[in-house]
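Labels A, B and C are assigned to the chains in the order they are written; within every chain, residues are numbered from 1.
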């Protein structure tokens, strides 16, 4: 990419460099949301449905973790994945996988906390009916997660928004390597530091547009689903 | 639903894993400075190196201090920075194999067109800095332990100022990269020390101009080192050494000399100067 | 719905059963036997313990004193019991989906669920409602979905907690017709109400509760014609029991 053309022009002309950056951004953030969902939804559901000592404390901590500073997550994952760190032998530092890991760590608490709230509310509503139908613990979780799926989409979207917007974690663990670990947000940070503010703003507009598009798609899916399930 | 999810997860894993697997075969990680990256030098010379050797060079650009630390932790295969004394310490501590001088560019003292310190056109950077301090003209320091930052500290020292003790509200340490420092200077009409390469390719100059240039003390030497495989066995020493060798070879040196912006040469190869 | 042999859930016996919540007595020393046959209707003022008695009979809450036995057993697996709550919660699914869920929970094989669901929806008068989201139905319609869900369990005993409490007369009539229909098919209905008229219309046996205690129980005709206790007389006369 050269700095003289605006990002919007690059989009319109199908610039392959920009396309690769957008593609990588989406791949990383969507993968992170997927993994964070696979972790966060069951954990949130478990906390919602289980009484154990210290549960209130866990909920407070989980809610607080929603505000984890990305750069702290980045640093922690960096230290873990560094060749001098405990997971150094994986050789993942400065790779897209490291970025997925960092964003998963960042997003999982958000999804878990919102899932916990959603499932707990629905559980209060369903509790008697499920007991009367003699539904066991596993079936309970499956039913609540399935019936709350449209609300859980909102939790996943919140996670995606957070992942797609953050730069602090992925720039530390990804290294912003051109053509390899450069995403929209790290490119924006770089172009800002190079003083190419129009390109940075252009990239920012592309980023916002994509986030809006994904939210719109998810919203449409949610509305369509609600029409049949209520 | 769960089957579909697992499928998706597997798919995402597959994609994420496949992307680097092909590139990881022949690639090295080079930790370098923001100045080499932001100036566009790598964008010009790395494709030449790749077409010759087939090796992908992944550049993580950081301040010199952080770049050396990345090497120290073994997270890079090659370190390519500009702070000679720190580089020599890096090698002496056993983290680098051997330091090779590669090239130099120079620093320029940037300031607002209005020139509140009245130093424009001076050839003596020491006097210029003392004037800035005397007049309390705003000055932006990188403050990030980068090569440029340590060059700035050395310049204050050479002009007889202990900047840590004598700095006032006019001296703002921002702890960020070269581009951010220039953006800040541009927005606040301040003086700032910059490497010429970043300055030439910097786009958001606003009212900034070169106030002082050409002083020998503004000389900025770059060195390259292979991270010591004895400390970090995972270092890709063969590919890394190939890159180091290429940079100091006649071919690499020529590539560096050929990189120009607006007809202006940014870096001057000097691998043959053993004392550099 | 299939007819079935008398269930092992009956007779359902409360033996000196009591429930305490902390210091508060909710049910006090209840001894009561529920046999197969016409519906048993629980009456009594609000707070008398009707809902708690129904839930305990379903096995949803344990007794703190005495015991409850189902066909002589103290194990409470509610395989052949079903419950319609006063304000039933609709699952966030279609009307049909709600019934399918209950059929699946009752272990009805997948292949039979479509026919059974259609049958049940016809029984409760919700033909053509199958694809509507259950949560968007009216209160009376939701009550009928809850009935269909309960009947999906092919219950031997069906508990109904104030099934018409907030319904208009038209919807009440519809529910009462379904209850009579179900009872006629051999399902033991145990329900609570504070509508005396409803008790007269549906009850085979009556149980009067007051302040957690069983005041009087027996055949409905005798209860209304010749109440044995002062509380029963007052209640029938429409006076407040305090």
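Methods note: a contact is a pair of C-beta atoms (placed from the backbone, for glycine too) under 8 Å apart; a residue touches a chain by one contact, two chains touch by 3 or more.
Quick caveat, the model's predicted, so the values are computed rather than measured.
Chemist: Most remote chain relative to subunit A, going by C-alpha centroids?
Modeler: Looking at centroid distances, C is the chain farthest away.
Chemist: Taking each chain's centre as the average of its Cα atoms, which chain lies closest to the overall Cα centroid?
Modeler: Chain nearest the centroid of all protein C-alpha atoms: A.
Chemist: Between subunit A and subunit B, what's the gap in Å when you average each chain's C-alpha atoms?
Modeler: Roughly 33 Å, centre to centre.
Chemist: Between subunit B and subunit C, what distance separates the C-alpha centroids? Give it in angstrom.
Modeler: 79
Chemist: Between subunit A and subunit C, tell me the centre distance in angstrom, where each centre is the average of that chain's C-alpha atoms.
Modeler: Here subunit A and subunit C have centroids separated by 47 Å.
Chemist: Going by the contact rule already set, what residues in subunit B reach two or more other chains?
Modeler: none
Chemist: Can you pull out the residues of subunit A that are in contact with at least two other chains?
Modeler: none
Chemist: Hey, which residues of subunit A end up touching subunit B in the complex?
Modeler: Within the complex, subunit A touches subunit B at residues 3, 27-28, 30-31, 34-35, 38, 82-85, 88-89, 91, 93-97, 100, 146, 149, 175-178, 180-181, 190, 192-197.
Chemist: Inside the complex, what are the residues of subunit C that reach subunit A?
Modeler: Contacts found on subunit C: 58, 60, 77-79, 82-83, 85, 88-94, 97, 101-102, 105-106, 131, 133-136, 149-150, 153.
Chemist: In their shared complex, at which residues does subunit A touch subunit C?
Modeler: 122, 125-126, 128-129, 131-135, 139, 143, 147-148, 150, 226-230
Chemist: Considering only the defined contacts, which subunit B positions touch subunit A in the complex?
Modeler: Contact set of subunit B toward subunit A: 1, 5, 8-9, 12-13, 15-17, 19-20, 23-24, 29, 34, 38, 42-43, 56, 58-61, 73-75, 176-180, 182-183, 186, 198, 201-205, 232, 234.
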